[in-house]
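You will see two complexes here that share chain A, one where it goes with chain B and one where it goes with chain C.
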Partner chain A sequence: MKPKIAVFEFSSCEGCQLMFANLEAEILEVLGAVEIVNFREIMTEKGDDYQIAFVEGAITQESEIERLKKIREQAKVLVALGACAHLGGVNCMKNYQDQEEVRRYVYKERAEWFDTIPARPLSAVVPVDYAVPGCPIDKKELLEVTKSLLLGKKPSLPDYPVCVECKMAENICVFDKGMTCLGPVTRAGCATICPTFGNKCEGCRGLVDNPNVNSHKQVLQEHGLSVQGILNSFRMFEGYLEVAK
Partner chain B sequence: MRDLSLSVHHITRVEGHANITVDVRKGEIKELKLEIVESPRFFEAMLRGRSWEDVAHITSRICGICAVGHTAASLRATEAAFDFVPSEQTVLLRKLIIDGETMQSHLLHVYFLVAPDLLGVGSVIPLAATHPEVVKRALRLKKLANDICYVVGGRAVHPISMVVGGFTRPPTAQELGGLRQRLVEAVPDLEATAELIKALPLPRFENPTEYLALKSQAEYAFYDGDIASTDGDVTPVKDYRQKIRETVVEHSTTKHVSGNRQSLMVGALARFNNNHEQLHPLAKKVARDLGLRAPCHNSFMISVAQVVEAVHAAEDAIMAIDELLGRGLKDEPIKVPVKAGSGVGAVEVPRGTLYHEYSYDSKGVISDSNLIIPTGQNMANIEFDLRAILPQILDKPKEEIAHTLEMVVRAYDPCISCSTHLLDVRFV
Partner chain C sequence: MPLKVIEKRDVEPLIRHLMERFQVVGIKKKDGKNTYGVIESPAELRLDSCATITSPKKYFFPQRETLLQFAVDGSWEPQAVVEAQPRIIFGMRPCDIAATWMLDMAFSEVNADANYLEKRKRALIIGVDCKEPCDEYCFCKSMGTLEVETGYDLFFTAADDTYIVRTGTPEGEALLGEWGKAREALYEDRVKLRAVQREKDERFKEALEFDVEELPRFLEDSYRSLLWDVLGEKCLSCGSCNLVCPTCYCFNVLDEVKLNLSEGERYRVWDSCQLEGFAKVATGENFRERRGDRVRHRFFRKGKYMKEMFGRFGCVGCGRCTRACLVHINPIEVYNQLKGGE
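Let's turn to the complex of A and B:
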């Protein structure tokens, strides 16, 4: 019997779900190997007898906590899809402001209609089995993780920093170009796509297992970032982690 | 005269969470609501205190489907605040990547989200077995559209190399040449897309409203222009607050976005109604073949206008590439004069006109921001259409009514996670 899969989202841009559709070359084969029972963004049918749940988005409301717990009860395997689900992602930037003031700033006199709690990753609410990191997730990695799960294997992620891939890609070091970069402490696996396209690593994949964050913060400071600038860099995607606090 | 109580919980095949609630007593609509249950994300608040360099990469994360559009509007707002005029190459590349996103988003909507309704199935998945050639064509075209974004921006979802002032890595002539050839070869696929939508029965429906779109003397506007209304008035983008108003509606504690009337429409059909004369030749022909004529007041025809625009975007991309190759691609240094100021950026994204407005301090740190999302602008008009169509179908079975109402919402291709904070939220 084909494994039954469901895709759910919480607070997010839904771009990581879109990456399923963006598996243009492989999507038909994936569809041949699994049965999708619940994927609201693309289908009307709704089934609750799934074994594998891919979950996108951060948790930012009380009601989302209950929904996520129900998904966890049903799913044998729960996969966090993308930076919001994995790390809390951009949503956590609001955690550094007064939550009441944040609501008033955006919704004005309607503020009380909008429930919000400090944003958090899925793992702050329920146990998460695996993550496909990144903002957005990488298509190839999504495919690899899906394949591993279908074969009953444990998906694994690289445990070395983006710098390693960046050197292999023969990119000029971002620091040498006068910019600052989170590559030295960020988990590789993205084919160093941002530095390759001329930008800096923003840390969307989270930290490697044993990052030397203090020495990295020192490097950032030496390259002219203020303390606030360093914190802002980490808070773009990693605001929930200790490193950004 | 019938009674009807109906609730469609979590409308499917739309981007984001929404419910429809209907209460009809003795043939009279007592209640009709499009309820938005998506969690709010507070981007405008989060932007405060962030540097100009990070703003576009943050606002891109509002929406995975129109990330390129959010990036472009954001860059334009920041550049307006700094009184910076980007190079011609930068503008051409931005137009090219917008063409890619327009194609990708429209094709996704037409093939994945609308076609299943018209072919009587619940999703695109069973179509892979019953209509494999349709699904394969959809995937081919989608890949081409995404590859435009990949080549120009580094990524289709959340582009990397589009930054304030220019591009951190312009594409190579070889990459653009490859895209050009594939775009030319895609013409039969685009024509087949038009044939597909022609063969599908779209409901007849007339409900005129005010149609708003950017308008430019130079071209069918996506990147630049003034705010034009089919009611005849034109407003410069910097004065958008005078045109797009949030107003309190009687019998409702919520605000709607409105222009001259109670509601307005933005997006593919609104652009077509304002700018159809500026479509490229094949797009014009496809519009004629599909029976799309301006002014069109049938919201179900939004999908047809999307097909027309997908064709236009492909033609436009070829022309942009020709111009870029003719000029020769240069590695342009990026120098941005940071200063205190405010700026508005507006671009046409797949679902309509998107506005970003920022205020910066002298160090280029954001102190204030305002974002107006297309789906938020369309919200009142979706309800206006639902109210207009419901009496016409009230004698049908309940399931059919629910299905038709869902189709109305889906026709607008609403992007709810994008527009959450602007939508009307009413609790039953």
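Let's turn to the complex of A and C:
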């Protein structure tokens, strides 16, 4: 019997689900291997009988906590899909601002209708088995994690920084171009897509297991970032980590 | 082996001629820096440029390479995959030629590695002499790799309007013979070659404050030095030094199964001893958990272990690791400090 999978979202742009839906070339093969029972972005049916849940988005409302716990109860395996679910992601930038102001800015005159709590990753609420990191996720990595689960293997993410992929791709170092980069401490696996296309690494995949953050901070300072600039760089995706510590 | 002469203006026709039978690889510009790449038109080749980001080893030992294909249920025998094509690396520098010798040893002495050796066998190396140091980071002269006597099929040295070409192998000689436009070197050409070599040698400075033959001993004496801790605090463990190194040959082997879950491939990918997971084994034990231990290991490999194994240093002094290091770990400084701490 094909394993049943479901895809859910919380506070997010739904871009990671879109990456899932956009598998295109592989989608038929995926459907040959699994049965999708619940995936709002691509189907109307809503099944509650699933073994693997892919969950996108951060938790930013009380009501989301209950919903996530229910998903956790049902799913044998829960996979965080993308930076918001995995790290809290860009949502956590609001944690550094006045919560009431943020609420009014976003919901305007209807602010009263919506409760809001400091943003957090799924793992702050329920145990998360695996993650497909990134903003957005990498389709190939999604497939690798899925295949591992189907084969009964433990999915593994690279525990080396983006620099490794950058050097293999022979990219010009972002620092040599006069920019700063979180690549030296950020978990690889994205095929260094941002530096390859002329941007810096923003750290959307989270840090490697044991980053040398002190030395990296000195590198950032040497290349002109102020302390506030360094904090801002890290708070784009790693904000929750800082609060949690 | 005979000495030949080629007019500089004949180099482009030579490349065009070689492109008919070989994939020609050489140094090209990429966003203002140099990389080895496939030459699509002769004008792209930059024989005067050096200091490439990574070394030409990728043509013998690619970043990622399929080793075999297999059936998950074992219903058919795994099939070994060995890919190679006729290729000329045109413009390899003396340091990289020396590094290729090291890789040849590594991939043939202990285990004959078919994937490497097949690519190597089908490739010809045309070396080009350096005129001046790449920058302040290269120290080939101190490592004894500014001049190479072997390891090339042909070796070009620019002299006025000509290249004086040393032939290193019968294959190299045949390549020129079949092209037909190289002339025999005359007495004057030999005089000119020696003059060019002398001038070149003067432009390169010794970077090490000691005779490099003493390096293994300095390393041995410094095994417990605080220097490794200091470097370990700086090191980002990003692996860049290994990945750009022309003599690093460590790789990881991984399996990838297709979406049909019934077949897959085993591949290898460049690895780095500076990465945290490199010396981690199945029990979870990590033999070089501390960054300082990993940094030390790299310097011991380059300055001692490979010398003991193969008779030559693992470092060819190309300076790539220093150029790639965001925290300025520079082997010239490290080696000189070892001497100071004697």
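Here, the second predicted complex is superposed on the first by the 238 of 245 C-alpha atoms of A that agree within 3 Å, B and C clash if a C-alpha of one lies under 4 Å from a C-alpha of the other, contacts with A are read in each partner's own complex, and residues count from 1 in each chain.
Going forward, a residue touches a chain if its C-beta (ideal position, glycine included) is under 8 Å from a C-beta of that chain, and two chains touch if they have at least 3 such contacts.
Since the model is a prediction, treat every value here as computed from it, not as a measurement.
Asker: State whether chain B and chain C clash or fit side by side on chain A once the two structures are superposed.
Answerer: The answer is fit.
Asker: Which angle, in steps of 10°, is spanned at chain A by chain B and chain C when each chain is reduced to its C-alpha centre?
Answerer: 110
Asker: Output check: A:Val77 vs chain B and chain C. Expected answer is one of first, second, both, neither. What do you get?
Answerer: neither
Asker: Which of the two partners, first being chain B and second being chain C, lies in contact with A:Gln61: first, second, both, or neither?
Answerer: Touch partner of A:Gln61: chain B, not chain C.
Asker: In the superposed model, does chain B or chain C contact more residues of chain A?
Answerer: B
Asker: Could you say whether A:Glu29 touches chain B, chain C, both of them, or neither, answering first, second, both or neither?
Answerer: In the superposition, A:Glu29 contacts chain C only.
Asker: Under the stated touch criterion, which partner chain does A:Phe114 make contact with: chain B (first), chain C (second), both, or neither?
Answerer: In the superposition, A:Phe114 touches chain B alone.
Asker: Return first, second, both or neither, reflecting whether A:Tyr160 touches chain B, chain C, both chains, or no partner chain.
Answerer: Touch status of A:Tyr160: second partner only.
Asker: Once the two structures sit on chain A together, report how near the CA atoms of chain B get to those of chain C, whole Å.
Answerer: 9
Asker: Does any part of chain A touch chain B in one structure and chain C in the other, and if so which residues?
Answerer: No residue of chain A touches both chain B and chain C.
Asker: Spell out the residues on chain C that touch chain A in their complex, using ranges where they run on.
Answerer: Going through chain C, the ones touching chain A are 30-33, 35, 53-54, 63-64, 72, 233-240, 243-244, 256-257, 259-261, 270, 272, 275-277, 291, 324, 326-327.
Asker: Touching residues of chain A toward chain C in the complex: what are they?
Answerer: Listed in rising order, the residues of chain A that touch chain C are 26, 29-30, 32-33, 143-144, 147, 150-151, 159-161, 163-164, 167-168, 170, 172-173, 175-176, 183-185, 208-210, 212, 214-216, 218-219.
Asker: Chain B touches which residues of chain A in the complex?
Answerer: 9-19, 21-22, 24-25, 27-28, 31, 36, 39-46, 60-61, 64, 89-91, 93-94, 97, 101-103, 105-107, 110, 113-114, 116, 135-136, 193-194, 196-199, 202, 229, 232, 236
Asker: Under the touch definition given earlier, write down the residues of chain B that touch chain A in their complex.
Answerer: Touch list, chain B to chain A: 10, 12-17, 39-42, 44-46, 48-51, 54, 57-58, 61-65, 67, 108, 112-113, 116, 122-125, 128, 135-136, 139-140, 142-143, 146, 153-158, 160-161, 163, 167-169, 254, 417-418, 421, 425, 427.
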